[in-house]
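Both complexes shown next keep chain A, but they swap its partner, so chain B is in the first and chain C is in the second.
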Partner chain A sequence: MLRIAFSRLGSFVLTLFIVSLLIFATMDLLPGNAAAILLGTAARPDTIAALEQQLGLDQPAYIRYLTWIAGAFTGDLGSSASYGVPVAGLIAERLQVTLPLALIALVIAVAIGVGLGVMAAARPRQAPDRAASVFAQVGIAVPDFWFGILLILLFSVTLHWFSAGGFPGWSDPVAAVKALLLPAIALALPQAAVLTRVTRSAVLDVADEDFIRTAKAKGLTERRVLWRHAVRNALVPIVTIIGLQFSFLIAGAVLVENVFNLPGIGRLAYQSLAQRDLVVIRSVAMFFAGLVILVNFAVDLAYLWLDPRLRAAR
Partner chain B sequence: MITQRTGLRLAFAALALFSSVSFAAAKDTLTLGLPVEPTGLDPTISAPVAIREVTWGNIYEGLVTLDKDGKVKPLLATEWTTSPDGLTYTFKLRPGVTFHNGTPFDSAIVKFSLDRARAADSTNAQKQFFEPIEVIETPDPMTAVIKLTQPSGLFVYHLAWGDAVMIDPKTVDANKTDPVGTGPFKFKSWQRGNQVEMVRNDGYWDKGVPKLSAVTFRFIADAQAQAAALRAGDIDGFPNFTAPELFGEFQGDARFKTVVGATPRKLVAALNSEKPPLDNVKVRQAMMSAIDRQAIIDGAYSGYGKAIGSHFAPTDRGYVDMTGEIPYDPEKAKSLLTEAGYGDGFTLTIKAPQMSYTTRASEVMQALLAEVGITLNIVPSEFPAKWIDEVFIKRDYEMSIIDHAEPMDIDIYSRPGYYFNYKNPKFDGLIAAADKTADDGERDKFYGEAQKILADEVPALYLFDLPRLNVWSARLEGLWENEPISQVYVRDAYWAE
Partner chain C sequence: MTNATATAPRFALGPRFGLHLGIAITALVIGMAVLSRFWTPQVPTRLQIANKLKPPLTSGLAGTDALGRDIFSMIMAGAWNSLSIAFLSVLLGLVVGVGFGALAAARRGWIEEVIMRFADVVFAFPALISAIMIAALIGPGGGTAVLAIGLFNIPVFIRVSRGAALRIWALDFCLAAQAAGKGRFRITVDHVLPNIAGAVAVQATIQIGLAILVEAGLSFLGLSLAPPAPSWGRMLSDAQTYLAQAPWMAIAPGVTIAIAVLGLNLVGDGLRDVLDPRSRARS
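So, the complex of A and B:
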């Protein structure tokens, strides 16, 4: 198992390197530059040139790439052209919003999705299954930011239970979690819907297997058969989807962050792209890519742990 | 099932806890929403409007300022005199003024601030304002003498802009993130992506102001989120509400005061005067005749906004209503096109930024131009990045549309290499003459003639003056309704009893 883990780690590092090249090249090809944007429609060419020099935009591409990569190893990702503060700190600040948001959303999505899915599979084509299927239809059809708007209208504008957006910071953890709750629900519902479907069909797939019949024949309770035998064996597809969803939740947070006006990493990505703040955007993009690769890596390891047969395969 | 029920009960208990909000008695703090987060907080090194909205007159102050009608008023200079040749300005400075960090304000500060703005490596977005300066002399700490190489009629007016605020040499490098000025509010914190907090400057030179103890600017880009934050009471007002289609909902609501103010932001559709057939003045006049400005105001801004006929805003000094020069007349447009040899029409591409009002205005123009046989293709051009690159710098476009936010900026049509590609020596002469005269009445006359030339020759289609849609709490007083310059000036704001 260790050997497999190490070979996966090797491809993890190689992928990161290729991705870093791709990100740098695409960002560099984008039309527009930060200096011209910051100086607006009154600026003259010599003023723009002066700012380009200050921001280091006049250096050749390979020097800027090497500076970036070398800096990444020491934690110095450069300074944002528009904010004027270090990029590493900027990303760290934003992660304090987006990571908890994605985690809360993931917990909600798993709780609802796996719960409803198993419930539906336990009684196929009966009322609970029908209800779960309606939920899944609606959840998949309605985008998360629209759920967000509906939640704001109900809980903030009408009931005044929550503020309509913004983030108070972690100095008051209760207020912080409260600010993340509605957006997390909005973010979680579509993912919960997907997970409901996947869980239902994965559990139904194993329901006809011989070992289930054996378990039933042993006289185990229905609940024990369901959770211990059916769900346990349906976990591989479910974990795959959860892994994919975590990346979606981080990246997909950009719309929900916008609706709830949260200072998360999604909005940082959007803003710095609009401002052509390349120093920021390439590190944010790299972070997204690294995270997706890391989660896939973790899911791979989870397979090995969940399914002993995969361990024996090598 | 028990666990589920307990869970529900817990959730409701938590919600009930959250909903018990306490209200403070006498309110002396203010939270305002703004659509765009500033990029840095130093207006002397970059252009974005959002920097000025947060800092102009609140954190930083200049020698002079503008009042709510756009008139120049003393601020850190108490008075000034101009020599008869218009080349020497002598400013008497206000005594007893200190920066937030304790640095005293004197003539050396004036010299430093203005010399920095015109230096070779300056990145001041309006560097040309400071170009006429020859030397700044400081005969004594409370007197600054500015000598110009040539008369500059708007020199003192431009000193009221954010680009000309007074800066402490010690905080030059830090101002972008930790601004220090002489203003009524001191910078407290900037939670990036969310808000900037300011607190009262207890050492402010004008005793008795500001009345508020703290002001927070919260940045909310999404129009729905702006409306929701107002209705939920998260913010006390939105002085520059960006969703005209949602503005009406607040107009009947007694909790809010809604005012449609005027701004210097002119929505104009540039016609590249070097690209045929737009090099033909008759074609440009025909296009202007084909435009029903009211239809564009209705379609792009829900009917708010004032039609303009030239590149001057109603808030600008010397404004003349030029909408009558080329009124909406599709028949006239067709005959002009025939005269120009385009009786069968032609096809044109507009590079339109993604903002909702520029997109919608482009669509209305597309329909109006189709009536006279002109086919308009709309191609999106991401603003600011792509638009500045391809339209503004490379001038690679036929037609485009953008709002020009600077007040009194008609001179851009005489700047060589400016993106309209418009050339008219007579116009250039008027702008030069207006720039040189120190007499306000004389200058108004020159600007009036310049406005008429643009209205007649149509280097751009003049559409409308963007409104400032103010929504704020019914008890809030002292904010400016109009926008003689980009501002959210909170110095005089207070809560009525």
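So, the complex of A and C:
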């Protein structure tokens, strides 16, 4: 068990390393450099040189790479050229919006998706199952950011229950959660739809297994068989999909934050692009990619915990 | 749980209803896209400020936007742009991905290890994030969108084609071909690729649907085709400014995206059921 966990850890670190090299190569070495891009075509060569020195661009590439990576551990990722503040602080500040947003969305998606999926699997081919599968098909096809616009149209423009966007900060937690609720629902819709489908088929897959028959035979209620035995054993595919879908959750967050004007990391990525702030973009890209890799690593470890059979294998 | 199915009333719509509905929707969307190359009710880029913000049916089928452009015509022309970017990006991902996937299955060993690690690495980049990185280098545009969505599709096709190819390689006729002295490349071309084509086609259909969603997101952020080329995503971004005065601007493009994606997903699911009857027993 421990050996498998360590080998997963090894490939996790290796993937992180290659991804960081790739991001560094595209953002730092390819045509143009951060200083020239930032200052535009009209800049004088000595102005560019001065900014290059300020950004450390006159150093050799490997030194710049090592400085960047070392900075990821010490919390010094350089300074944003357009905001004039340290990148690490900028990311940490924006994380206070993106992380709760993603977590609330994930909770909503799991509650709806697993709930509907189990309900559908309990009565296959009957009305609730058909309704769940229509929800799943439509939910996957509807763009999350458009759903967000529709929510604004209904709850902000028409009913005036919520503000149309913006974030009041965490000094008033109730207002903060309220500001994150509509965006989280928008972000959760496609995830809930995917989870509904996966949960349904995962629960149906285990429904024919012997241990389910045994559980029924010993007189457990259907509800208990369903939740304690079937769902518990269907968790592996469900957790896998949560991991695989994480990359879509992040892409969705970038869009939804822009729809709702939330000062999160996704909006930061978009704003830095408009400002041509490569120093910020490279760290934000690394942050997002690292997060996807980390979540998939966590999913790998979760398998070992959820399914004892995998611990013995290999 | 399963014995209930025998007696329960079924809401049956025929075994291939989803597939047929999907084909009808997809044909309609493609037809609309192709038609827009020859004819649209109005010129989709023509500004008629005097005719701005007209509700649906008072001017054109879907009304006009803030610059007086005919929304229905923009949706038709946008279908062409959206579909071609989605198709090209999936084609890019398919060609590269199936190439590497088939190679991984044919060679195994360290080559397979490297290819799968590469797939993990590329998979770590959500399409929107690579689009932002690419746009930072070469600017936004159709090429940026195709590249970003295509990159994201590569690991998907590597995994699908490798998995399917490994199952084919384990079959007797592949062993026989090897015993007969056929090379791994020839076996891949003659036996493996034709046999994984179905699985790849199913995946491609679903990925085109997904690519339409991603492209809409990219053009919502202004990372895809530059204006004035009509695009569903940018129409939604324009609509957000006029949400209170002209809500119809936000409805039509979103509904169109959802219907187009729904159609492709129904085709993908239906094809999977036809090609793999075992999956139908469950769905």
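The criterion applied here is as follows: the second predicted complex is superposed on the first by the 274 of 314 C-alpha atoms of A that agree within 3 Å, B and C clash if a C-alpha of one lies under 4 Å from a C-alpha of the other, contacts with A are read in each partner's own complex, and residues count from 1 in each chain.
Keep in mind that, in the parts below, a residue touches a chain if its C-beta (ideal position, glycine included) is under 8 Å from a C-beta of that chain, and two chains touch if they have at least 3 such contacts.
Only a predicted model underlies this, so the values are computations on that prediction, with no experimental measurement involved.
Undergrad: Taking the superposition as given, does A:Leu159 touch the first partner, chain B, the second, chain C, both, or neither?
TA: first
Undergrad: Is A:Leu226 in contact with chain B, with chain C, with both, or with neither (first, second, both, neither)?
TA: second
Undergrad: Given the touch rule stated above, what does A:Ala207 touch, chain B (first), chain C (second), both, or neither?
TA: It touches chain C, and chain B stays clear.
Undergrad: Return first, second, both or neither, reflecting whether A:Val107 touches chain B, chain C, both chains, or no partner chain.
TA: A:Val107 contacts neither chain B nor chain C.
Undergrad: Return first, second, both or neither, reflecting whether A:Thr26 touches chain B, chain C, both chains, or no partner chain.
TA: The answer is second: A:Thr26 touches chain C but not chain B.
Undergrad: May I ask you to decide whether A:Leu278 touches chain B, chain C, both, or neither, giving the answer as first, second, both or neither?
TA: second
Undergrad: If you stack the two complexes on chain A, which partner ends up touching A:Ile140: first (chain B), second (chain C), both, or neither?
TA: second
Undergrad: Just to be sure I read the superposition right, which of the two partners does A:Ala122 touch: chain B = first, chain C = second, or both, or neither?
TA: second
Undergrad: One more residue to check, A:Tyr83. First (chain B), second (chain C), both or neither?
TA: It touches chain B, and chain C stays clear.
Undergrad: Return the residues of chain A at which the contacts from chain B and from chain C coincide.
TA: After superposing on chain A, chain A residues 30-32, 37, 149, 152-153, 157, 164, 258-259, 276 contact both chain B and chain C.
Undergrad: Under the stated contact criterion, what part of chain A meets chain B in this complex?
TA: 30-33, 36-44, 47, 50-51, 53-54, 82-85, 90, 93-94, 149, 152-153, 156-157, 159-167, 169, 178, 258-264, 267-268, 271, 274-276
Undergrad: Which residues, counting only chain C, touch chain A once they are in their complex?
TA: By the definition above, chain C touches chain A via 1-2, 4-5, 8-12, 117, 120-121, 123-129, 132-133, 135-137, 209, 213-214, 216-217, 220-221, 223, 236, 239-240, 243-244, 247, 250, 253-254, 257-259, 261-262, 265-266, 282-283.
Undergrad: If we count contacts the way the header does, which residues on chain B are in touch with chain A in the complex?
TA: Against chain A, chain B makes touches at 15, 18-19, 21, 37, 39-40, 46-48, 120-128, 176-177, 191-195, 218-222, 224-225, 228-229, 231-234, 382, 384-386, 388-390, 392-393, 402, 404, 406, 409, 412.
Undergrad: Per the contact definition, I'd like the list of chain A residues that touch chain C in the complex.
TA: 11, 14-15, 18-19, 22-23, 26-27, 30-32, 37, 121-127, 130, 137-138, 140-143, 145-146, 149-150, 152-153, 157, 164, 201, 204-205, 207-208, 212, 222, 226, 230, 247-248, 250-251, 254-255, 258-259, 269-270, 273, 276, 278, 281, 284-285, 288-290, 292-293, 296
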